[in-house]
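Take a look at the structures listed below.
One chain, chain A, appears in both complexes that follow, with chain B as partner in the first and chain C in the second.
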Partner chain A sequence: MSLRPKRVDFNASFPAFRQELLNMFHSTTARAKVSGIDMFQQVYDLCTSYPKPHTELLFQSIGDLLREHVSGVLQTILSRDDVVTAYAREWEKYRVAANYANIICEYLNRMLLKMRPPFGDTKRPFSHGRYLKLSVEALAFHIWKETVLAGLQTHHGNRLVFQLLDWIRQDRDGHIVLHDVIYNAINSLVQLNQHTDQPLQLYIEMFENPYLEDTRDYYARESNTQIAQDRISCYMRKIHERLADEGARSARFCHPTSLERVIKECELQCITAHHRELYAEFRVILENERFADCILAYSLLSRSADGISAMLDIFENFIITIARDVIGRLGSSLTKDPREYAESLMSLQAKYMGMCDEVFAGNLAFTAAVDKAFRSIVNTAIPSTSSSAAELLARYCDLLLKRTAKGLVESEVDDKLSRMITLFKYLDDKDVFQKFYSRMIAKRLIYGTSVSEEAELNMLSRLKAACGVEYTSKLQRMFTDVTISNDLNVGFSKFAQLNSINLGTEFSILVLTAGSWPLSASASGFVLPSALEKSVSQFTTFYGKHHNGRKLTWLHHLARADVKINHMDKRYELNVSLYQLGVLLLFNVTPSLTIHDIIHQTKLNSSEVERILKIFVDINLLTVIDTQTYIVNHGFASKRTKIKINTALQTETPQEVTAARKAVDEDRKLYLQAAIVRIMKSRKELSHTQLVQQVIDQAKVNFAPSIPVIKRCIEQLIEKQYIDRVPHTRDRYVYIS
Partner chain B sequence: MPPKKRASTTTTTSKVSPRKKTKTGTGRASRSRASTGKTASSELALDQDAPKHFSAIRCAKWFSEYEDTDEPGVIGPDGVMRFCQDLGVDAATIEVLVIAWKLGAQTMGYFKKDEWLHGMKSLGADSTAKLIKYLDHFRGISDRPEEFKDLYMFAFGFAKESDQKSLSIDHAKGMWQILMPSDRFAHITRFLEFLDEERPVKVINKDQWKSFLEFSTTVAENLHDYDENSAWPVLFDEYVIWKKKRYQEND
Partner chain C sequence: MSFFTGGSIKPAQREKIKQFVGFTNANDKTAQKFLKENNWNLEAAVDAFFATGGATANGRTWAGADQRKLSALFDKYKDPDEDAILVDGTESLCNDLEVDPTDVVTLVLAWHLQSPRMCDFRRKGWMEGWTNLGCDTIEKMREVIPSLREELKDPSKFRDVYNYTFSFARAENQKSLGLDTAIAFWELLLKDKFKHLDLWVEFLREKHGKAISKDTWNLLLEFIRTSDENFSNHDTDSAWPVLIDSFVEYAREKLGFEDE
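Entry: the complex of A and B
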């Protein structure tokens, strides 16, 4: 073997090489009798011969040879009925041979590479000579394309693709087909184009496009028959399997890039085309709570881009309908006992939130839909009652936090309250909740009816976490007042001991910060019973010493007293209001009294006195003689020795509720006006829409202000000359400093 | 431009303002331009004429004709009525309102002597006969938007009780009827109907008053361009809702 170039006669040496090459292409096994090393030498010699190398000629002659060979192959393929198998077999042989030929002609390839212009125009592969002078393999593939594929396609009704599609169809229908053969045949289309700048073009044009079309037709037909035959849930299950199969099929036969397109085609036909039926079914599934089907529906419908949004609407509306039904069933009873209202909403909320995780794969859009649904539920007026959700929830908290006979375990209370907070967060009118909550907590604190201080404080910190410090500052203040008052009482009794003051009664007091408590002085006057005068005046002195300049306003109408009755069959102890005590103590002095006497001596108004007397008469403690005069009934008897006299004070009156609602409206107006002035002061000039938006943003924590209310506030401020409209413009305001 | 047309335009305007028109333009356009120009020119005419013919003594005498016998220095409601009769106009007309405005009168139904003397002097009028000449011009004030706006805003302060911030609804309605003839201001009839039927307010504040002129001049009669998200006072939102509901079938 020599590398020295020598003179070679092409016509003399080529035939031997040609025969060897042909052997390679003809042999059924790759390792035929080929004298590999000789062939290398021959290629080398031909390409280096002088005076003129035969590179070009060699390349062209190989081309001619392959062309001749391949037309034979085409005839072989066409002679079979089973074109695909024949094609795949021949192709495999040809591909392997071409690969070997390429290796043998390595030197030729290298020479070809050199011959190409340095800035080769790859866009025009055939500009110079007959073939793209890339490599022998490229040449071989090109000839195959030109002859076999073109021949099959143009002259024989595209039998190859036709049969391929037919086989795949059979595969879909569950018949057994030759997977490898199909894959090889299809893959040949990818391999054939690997030396061009658009490697997938041939595959897409020849196979993928018709395949997609075929898929479309197949599934259009299939889904239509299936949906007509079966219940939708069965249909969904089938489609689900079909889609998985189709994914696997595509991976088995096609180029990876096709997967997405094929699946999309299936989805269009099986899901999008029938989305109306599927959505209708989704609603039924929700109603029947068939969660397995629900998962199925979600996994199918979430495949298409806008499939989810319609589902979300259905889901949201469904929740709203369910909740409205529940509320509707409660009727007007929910005002009295909001327990069921709150608890059924809480459990619905928990249920559907859970469903988001389990069924909808924790998809945030679905969680948001649940939120949206509940926001709409708690913020729309409840038809059967004038109470709003905010009111009901506040009352629900009161029920939980108030100590009652059949009290709940503390952990239970805590658990319920923490779930209540999730509903609370949906409320727009948080200020309404706050108003009612503060009224009720005031009563709990004053009358000491809380379940426990810990439970109250836990609830407060939850509200604080949800709405911020400002929201709970007054409530917090109330707690502090109660704590300070405890210390004050201890201090006061020490003070009394030190100064050896005999108060004659036990005396305990709550000093409450004005403004933090939703309380106001009573309209009716009251003369303090003489037994208590000393205590009150001593306390005033005591308090004045410690807190100079603070003014005490006595809220007698909220005070309660324990009083012992000594001259009955037993020693009874009555728990009464201070007003009631005032009336009772009068009977210590005079055995019989008329209403007028009582009004005159207590200075209470007549309706109050009548109410008090009625209660005592009802429990038989007082007796009426000749309609206007009352005496103590000495025959009074009761099973219990401790008797608590009910007062209207501890339960809410309708007037109080209306007053509270009105107070909320007033507070809102002030809040909005303050917000507008604050914003305008810092921004100086703003457009109407900007101002309204900023006001809404600021108010959001407490309530959702309506635009007319905001506008009214703006107008009031214009009237009060805090702000003005910018002259000659519409829709702009300016701050007047 | 054909000279014929120009000539005709000039004659129509020259009645009120003798200044020569140099503007050219086709029918409508030149008319409207002429009418805006009129304001300035007529004002000018009054000012120029004033010193020539005006006599302060005659003017003071003229005042005393209507002066209240019980309250010297003031023309009271009776005097004003007589004054209007002499002018040949009803007291509740825009002409009288313009006079009050020109005189800078503070209270409806009263002219003070200094208001009268000062105001009449600036008008150049010292007798009923002279003042009558201006009435046509006064009547045409609604064609002069800028001037009209001033008059409109004057009317608010003029009509309200001096110790009140806002105008009572009855006074407001009366003023609107005087100021805004329904053939020129599309909304006035329906708006007054709305106020009567719904009684949404007891008083009209300055902002509402001011906004109504703008509302009347900018919002289309069928309300299609009314923007409820805009800064209109709530009263107008309510009016629009009311009107749409009530006249649904007509729109």
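Entry: the complex of A and C
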């Protein structure tokens, strides 16, 4: 090959080159018949010829040649019925040839870099983008677009695209079509524009847009017929498959960028357009617990961003309805035995939480919906009872933690309590729970009826973890009191031994911190039986020595005693309350007593005495001889030797419950007022909205205060002149120091 | 009060100095001087103060009102046992002013004269009030009444008088205002300002039946001024007293407005 420039006559040397080039474009096996190296030399010579190189002329001539060739190709394509196959075949030939021509004309291309392209002006129709740089391949592709594509589109009814769409429709309907041919034909549109600055524009305009439109029509038609024919669950399954198919189809035929748009079009037609039917079905699915369908519905509806929110509402309302039904079926029995209430709610909660994981792919929005549903369930008043969920749950804990005949294994208790905490966390009125819980724990501790100390402490630490130290501080204090009291009792019996004091009875005592226990001293001036006087006074001395200045208040109404009866057929042992003991011991001194005697000697009130006497008469320990006089029944007999005599004190009375509820309201008022003063003291001046918001935030751990209650507290504080309104405004407050 | 740390002044005397200053607006030094000269007799000292033109002596000019005449007028109506115009005095004062004691204008007058409660005018308020109004004779006072009535038309003055009325109407040592009294004064003050006054009164008697707090009293005027006829703009979550919220609920139901 010679690199030296020569003088070349264009008209003389071009025809040979032209013929070679034509051979390339006509033949499918171009390499066999042309001599690449000769052509390369010819191009070089023409472009370096002197005095004037023939660069431009060569380029134009190649263009003329290709135009002539391509119009022949167009006629070939049009002569066939199957335009797509013909087009794809011709294009493949042309593309390969253009590629070779481009390699051969490499030197020409390099010369052309300096020139502005004479075509590809964006203003002209059918240009599809500006050419970045000139080359023979770009020229060849441009000519193909101008001639073949424009010809097919404008003069022959867009037959290519029509047939392509038709074939794809057939593919969807399950007929066999030529996948490669379709792909090549479509892909030509991408290849043709590769030399321009908008490589996908031709593809989008010529194919993608009509394709999307076609897809829309196809699926609008199909989904409408399907949904009318089939059950929704079948429809969902079909749609699910359809979407998967369509994804694969798009990958097979289209440019990757189309996938998203195509799928979206399908979703719009198959899902969004029918969302009402789908949501209705979702409800039915939930009711019938068809989890497989549920997964399907979720995977379909979650495809669109707002598809989920309606599902969430349905899910939430469904849970609420289910739970209400369960509660409704329990009727008024749940006050007495809240076990079923708590346990069925617990299992519902676990069930739907599990469903979030398994069906809704652990979607946090669904977990939140379960939470929301249960928050609404436990914070709405229960129609069949005046007890709130907080009360019932506290009572449920009491049932679990109290030693009973048919006791549970400790691990079961623990397990149930830890599940109870999940419900507890939903409560707004945690203070109500606390109030009732502390009353019940007090009784368990005083009467020693706890399942185990460990179980109690476990529960306390759970509550502490959920609500903070402050929430359980009083409960904790109660425990400490019991522990300290055990030590005290040991200390006291040693003290008695050391000082050789004979107390005459066994004696055990609980010293409880005032204020930490929900207890108050009884109003009655009960006279302690003389047998116990010594113990009490000695203990007072003992305690006074150790804790100077502390005052002991005796809560006799809570005390219990074991007493042995010696003069009957068996030695019976009675477990009685201290008041009952007081009455019984009187009969040691006097064999027969009237009610008035008893009232007089014990200083108990008459209704209390009557109640005690009635219990003893009922178990035949005492007999009435005339209406007012009682004697001991010496013929008393019982199968058991240990008899426990119940008192009303150990079970909750309705009065206690009302008192506890009232106490909660009072506590809240104080809590809110304290919170308001605290906030105002630190902020000095605040708007109404800010103040209310901050109060709600502070109270949140314990309860959810209503705005009217907060407002009433604000008014009371204005009245008490802790705060005032800022003069001439009505919604700002200022702290009065 | 560092002036008195010398210790020669007894607490009783200090109290008198305070009262003197209250009546005359003189400074402590002047008060002490006049009181000493008059043997710590408060009334004599005050009279002497005005007689000698003490008012000007302490540097303040009291244009428009002769303090001596005013003081004398006060003495004319004042109760024989106390240094205040009480029920009888008020009655004859109203007679002389030709004003009906139940006229709303008496509230404006009481406000100007800083009367602490009904039928109770004190010397200090009397002197200051009339001086500010520029009156020192009954005739001048009578002439000024119509302009007092005009003051009620000024919204900010009306609010002052309205808010003042609460403490004025309240019984001694009471924090809140008895319901009947409150209603009587509302009817006096708000007759032509509050469209739903009758409903409000009906509501109070039916549902509330208790005394009215200062806060509710004050805020009612704001409520009347800001709420529209069918309470559509009322927000129960905002800072209104709960009583007013309950009234809105009551009224909406009674008047058949939709709760929005």
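The rule is short, and it goes like this: the second predicted complex is superposed on the first by the 717 of 737 C-alpha atoms of A that agree within 3 Å, B and C clash if a C-alpha of one lies under 4 Å from a C-alpha of the other, contacts with A are read in each partner's own complex, and residues count from 1 in each chain.
One rule holds for everything that comes next: a residue touches a chain if its C-beta (ideal position, glycine included) is under 8 Å from a C-beta of that chain, and two chains touch if they have at least 3 such contacts.
Model, not experiment: these values are computed from the prediction.
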| item | value |
| --- | --- |
| Clash or fit (per the criteria above) of chain B with chain C on chain A | clash |
| First (chain B), second (chain C), both or neither touched by A:V701 | neither |
| A:V527 touches, of chain B and chain C: first, second, both or neither? | neither |
| Partner chain in contact with A:E715 - chain B first, chain C second, else both or neither | both |
| Which of chain B and chain C A:R725 touches, first, second, both or neither | both |
| Interface residues of chain A shared between complexes with chain B and chain C | 688-689, 707-708, 711-712, 714-715, 718-719, 725, 730-733 |
| Touch list for chain A against partner chain C, complex | 688-689, 692, 707-708, 711-712, 714-715, 718-719, 725, 728, 730-733 |
| Footprint of chain B on chain A - complex, ascending | 688-689, 707-708, 711-712, 714-715, 718-719, 725, 730-733 |
| Chain A-touching residues of chain B, taken from the complex the two chains share | 165-166, 205-208, 210, 214, 218, 229-231, 233-234, 237 |
| Touching residues (chain side chain C, partner chain A) in the complex | 159, 175-176, 213-216, 218-219, 222, 226, 236-242, 245 |
